[in-house]
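Next come the structures, one after another.
The following pair of complexes shares a single chain, chain A, combined with chain B in the former and chain C in the latter.
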Partner chain A sequence: MSRARRSLAGIPLRAALPFAAAVGALALLPLVLDPYALNLVTLALVMIAGALAWNWMGGFAGQVSFGHAAMFGIGGFVAARLLLATPLPAPLAWLAGGLAAGIFALGAHPTLRLRGPYFSIATIGLGEAARLVFTYWERFTGGASGLSLPIVAGGKEALYSWALALAAAAVAASWGIRRSRFGLQLLAIKADVEAAADVGVSATLHQDLVFALSGAVVGIAGGLYASYFSFIEPNDLFGFDRSISFVLMCVIGGVGTVLGPVLGAIVFVILHQLLLASYPQLYLGLYGLLLVLIILFEPLGISGLALRVARRLGRGGPPPAPLVTSAAGPASPPGAGGGGRGLAP
Partner chain B sequence: MARLLDLAISAVLLAGLYATMAYGLGLVYGVLRVVNLAHGGVIMAGAYLGWVLHGRLRLDPYLSIPLVLVATYAFGALLYRGLVRHLPRGAAGGPASLLLLFGVWLVLRNAAYLLFTGDDQAIRTSYSTHAVPFLGTWVSVNRLAVLGIALVIPVALHLLLHRTYLGKAIRAAAQNAESCTLVGVDVERVYTVTFGLGTALAGLAGVLSATLFAFNPASGAGELLKSFVVVVLGGLGSVVGTAVAALILATVEVFAILVLPSYLTAAVGFVMLVIVLVVRPGGLFGQRVLG
Partner chain C sequence: MPARSLHRWSTVTVLFLAALGAAVACRSREQAERKEIRIGATLPLTGAESRIGGFYKEGYDLAFEEANRQGGLQVGGKRLPVRLVLLDDTSSQATAVSLADRLVNGDKVDLLLGTYASHLVEAQSTVAEQNKVPYVNGGGGATDIYRRGYRYLFGLLAPVELLGTTLMGFVDAQQQAGKLPRPARVALVWENTAHGKDFRRGVREFVAGSKGGYEIVVDESFELSGKDFGALLEKVKAARADLFLADAHLPDFITMHRQYVSAGLCHPVVSYGARGAEKAAADALGRENVTGILSAVWWNAQLARKGGPTRAFVDAYEARSGGREPEWYQALGYETARALFAAIQQAGKVDREAVRSALAALKLDSILPGGQLSFPAGQGQQAHYPFVVQQNLADGTSPIVYPEDSATGRAVVPNPRCAR
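Then we have the complex of A and B:
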């Protein structure tokens, strides 16, 4: 490419500036928002981190996990136990929770020999097994009556800042992974495992790495979630609904894109709040319906819609925003070729 | 010793149910290369259907089987016609069909919550507690009936696939869909029928399991996992393989009660899956499911 790009430490300004502006604006939000709204935004930030981490596995490597609640729960309960038993500062406890979740994900190594639907079904088993074990392991999780956590120094405002930092780090990491050699290797595995192996990309090794990384970040999110709500119980953190929520956030926003899971998490948190308030008996079915409709009509979710609109507005105009990159990789620009309806190339 | 015999007998009886659960999943995957993630949901729906027919119309659960088969067949055929047909299918199935069928499962679950609440239900008949003596122990009549039906299914399936034109078309479509089209087989119709059959078998498994176990709208995840273990372990296109795999799973589960606390037995299926994948990823018989 001959066009010179202004950049900051290798990051094009076009991407860095909006990102910095968004983080700056969010950092000022506690000054203007009421506690209820701030509560929602904090939850959304934690979920953004979780959704992005899920997307590394489900979107980049193409391995759809229905069991990420296991890592969320392990992160949450390990952090909670540490906070209850030691004077460790909360952020270190969350990191430890993330570490435990990452190690647990590594322990799930045998399931990573599987591809596609086999992997997905195995993760349903993984998640359900974790839920059962931790629900009945009362000495660790408090069983169905759950655990109450100590108040974190700095209160909800401090937790908000940490959630923002975590979400920002997850966005930056997503962007970095997508642009890196590692990210390309993941996309290669998703496109064709055997062809990737032929050029020296080991599916098992890379999936191990990305699953551990994804699990660790989801675990940290679980720890933050636990501190924020200061009460946790296994059926919430390890629940099947929790696993589904990560899938939904990414599908709503756009699986395999960088910004999609961010949008999806925001929409999901708002939607969930509204649905729980007005249709508590219907939300599961509405999520199912949403999944069906998105997969049938716009497999890239909101990102796909946005690209469509952008293309229509500026026919052959400027390329789409740099942060929204297609999962299909450089070979096919975002949303190119209306022929492919599926998520997989 | 008597206890071991008891356990062995219950393993055999349970294996019949597991095999019945697995046939539908294996059939659909073998022919369409789609893993029906809604399988567990249809098993749950079949259970409720049998329960409603028994509760409202006083219909014996075993007599309601034809009705359940017809209803779930229609549901499966519609599901294929309306949704699955439009999705990309490939060697790996692709996440699209997976996510879509997962969505269908969520809808089924929610519908069951709305219609029947989240309470545990079971089909209780006048003979639910009856048992007959067998080798010095007692065997529940219900379990025997389930095993009997479970033995009929593979025979019927085998006859259908190997003795009829439709069966020939199904097997041909599984091998090479393009060639099928070339010789004048309506592949889309074959797919519709196959998906309907697979779904109907899931519905049947649902009624059968409802006569033995309690169920609620959230049921299905365990059933899906068990069906999947049986399909992977037994391989595709092998009736014997499925039966043996179901027997292995049931045996491990039943004997796990001896050494594990009861709440952990639900995790046995998952552990089995992992072990199978590590030790024998190709399955025991028939065509490999993986790779």
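Then we have the complex of A and C:
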């Protein structure tokens, strides 16, 4: 009985309850927020899902991708095309977009033969190639003019609920992966791919799986994004800025952690929206500055900073918990590929 | 420890979001008595289209100044000043969409004026339609924008397709006068956007109906904001065309024409659609290199010779800008704001539905060619009026050369630059 109280489907109650409370509180936000704030939160939730999915590849497996915009774009355009051409319900169109993005990620298998910066460079090429192909594939994407989706009256509130569901599912999946045998195998690959192979962990299989899974969720986020804006164009969805944004969200929040990408995405979206109106050219510079500061002083980003503060206040207890940090390397910077041997403070 | 940590983080997150929600909710309840009419707009004030965005801003500013000088707009028996809330969309579609959402739902503007360039208008107008806010734009000419059945979208730029047809009408007149061979070989180059596709459609339809008068030997697209048009221009060179007809926005026109001149190209007829006569282009490329270029535009300052509101606009603009002559960009910006003001006054209130209805029924004495502005429902609420074709001459002027009834000068065909 006491064990049952402590655990619900393998998740400790003290973790499950706050999570459920947070989701419940967020579900009530449409009652108090005006449309603009609700749109902001919707966008943040979509980005949270995308950032968490990126983190499975970049944070857990240590393969930093600069090409996730390709999956985001494929998911967005496949979903948009389905919504325009068929009477398919939007959630099914988003899932189909996610499936297409996952398959695309599997097709990128050859890039997984590379590690560290070589993999990152290959994904830049992958993303740019996808952007060009889809920009010129006019019949599918509308070219540089993009596609307008049907406008559904009251659709934004429904989108908020779906975005919340997706973000919650992504948080739960991150938690699950991180705590699972599969997650440990990813961390082993991140720490030392050869040592992992020696103990029977197939880097190829695991990276294929996590890349496909990550791509699929990013693709679903792309589909939601398309419905949210009712307009999409290749240079926005497939742009290098988009790929960089996933990396930045995770780095700002804390790469390889579960809550880091959540916090990073929130900060990213809010900063972006606040600066967009007054200083539209400034936000990239600000992100750059944040990135430099984080790499220099706190490689675990906001989550690491918060933990450090908590410890100073005497409430942080022992070293960072697996929920918040990566066992293979809490201080592992993105792209180090060697878990914990990088810029540990 | 994991649970404690999670609990702490969850609490922080929920509190943070709740605080955000409370702050925004409080702000949204600040309802003041109406003392002014707030009109939101974005323009590309930075980025690839920044130069043109600045021109549109000049047009908007002049229209707002004129309205406020008269005490504002006559609404419900009193005059209300009108205020422009203008943001920079950085020439990016995603930013244009985000900022329009912010203007409508965050800044709570009453109505929207549009941005510049078809691809930005196409993206941004979705926000207006979602929120049922009248959106009047003078920067989107592609017909695709108006084929989506949007109710709140109104456009002042006549269709780009008509631009292509008008240009070919001019070319046809030159061919009939024996100044161009028959059949004439056409190199058709267009940007891969709704704007470019419209232009292409207009030219191709004219060619198809010309009974063998023209042969399209190059039909290629290029990406917006391109940097290298070398391969494309090589194809044009190899095709030995008589007509080089491109559709490009100002930055691409300048880049492409610089490479065109460097490649030693010269065609008897050269046009970049609506671009070619801009002072900025002559400054960037050198006057001698833009001589002979033809452009079909929505407005030309020489239309002011007929007097009326066009003369008044040109005089007001020149007085405000130290004698500088307006180009069609400023004129469209000005007329777009004026059309919205007229609709507000005709509606007699700042109610979005009422203003939408007034716009749909609007018939305004206009500075645009044709003299009257309306938004015909059958054309998706996109204005229709004739284009004028102008040509850059060696003396630095760009007279209207077509149609005959508006002409202020005579065209020089073949392109005089080729003779050099």
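One rule holds in what follows: the second predicted complex is superposed on the first by the 308 of 345 C-alpha atoms of A that agree within 3 Å, B and C clash if a C-alpha of one lies under 4 Å from a C-alpha of the other, contacts with A are read in each partner's own complex, and residues count from 1 in each chain.
As a convention for this text, a residue touches a chain if its C-beta (ideal position, glycine included) is under 8 Å from a C-beta of that chain, and two chains touch if they have at least 3 such contacts.
As the structure is a computational prediction, the values presented were derived from the model and not from experiment.
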{"item": "Superposition on chain A - do chain B and chain C clash or fit", "value": "fit"}
{"item": "First, second, both or neither for A:Gly102, with chain B first and chain C second", "value": "neither"}
{"item": "Chain B versus chain C as contact partner of A:Tyr136, first or second or both or neither", "value": "both"}
{"item": "Chain B versus chain C as contact partner of A:Gln281, first or second or both or neither", "value": "both"}
{"item": "First, second, both or neither for A:Val262, with chain B first and chain C second", "value": "second"}
{"item": "First (chain B), second (chain C), both or neither touched by A:Ala22", "value": "second"}
{"item": "Angle, in degrees and to the nearest 10, that opens at chain A between the C-alpha centres of chain B and chain C", "value": "70"}
{"item": "First, second, both or neither for A:Ser148, with chain B first and chain C second", "value": "second"}
{"item": "First (chain B), second (chain C), both or neither touched by A:Leu33", "value": "second"}
{"item": "Minimum distance between Cα atoms of chain B and chain C in the superposition (Å)", "value": "5"}
{"item": "Doubly contacted chain A residues - partners chain C and chain B", "value": "135-136, 281"}
{"item": "Residues of chain C that touch chain A when the two form their complex", "value": "1-14, 16-18, 20-22, 24-25, 27-28, 46, 87-90, 92-95, 97-99, 101-102, 104-106, 118-119, 122-123, 126, 129-131, 142, 144, 148, 191-195, 197, 221, 223-224"}
{"item": "Chain A residues touching chain C - in the complex, by the definition given at the top", "value": "12-15, 18-19, 21-22, 25-26, 29, 32-37, 39, 41, 135-136, 138, 142-146, 148-149, 151, 155-156, 229-231, 233, 235-236, 259, 262-263, 266, 270, 273, 276-277, 280-281, 303, 306-307, 310, 317-318, 320-324"}
{"item": "Of chain B, residues touching chain A in the complex", "value": "35, 37, 83, 86-88, 90, 92-96, 98-100, 102-111, 113-114, 218, 221-222, 224-225, 228, 232, 261, 263-264, 266-267, 269-271, 273-274, 277-278, 281, 289-290"}
{"item": "Contacting residues of chain A [partner chain B, same complex]", "value": "58, 62, 64, 66, 110-111, 113-118, 120-122, 124-126, 128-129, 132-133, 135-136, 240, 244, 247, 251, 255, 281-292, 295-296, 299, 340-344"}
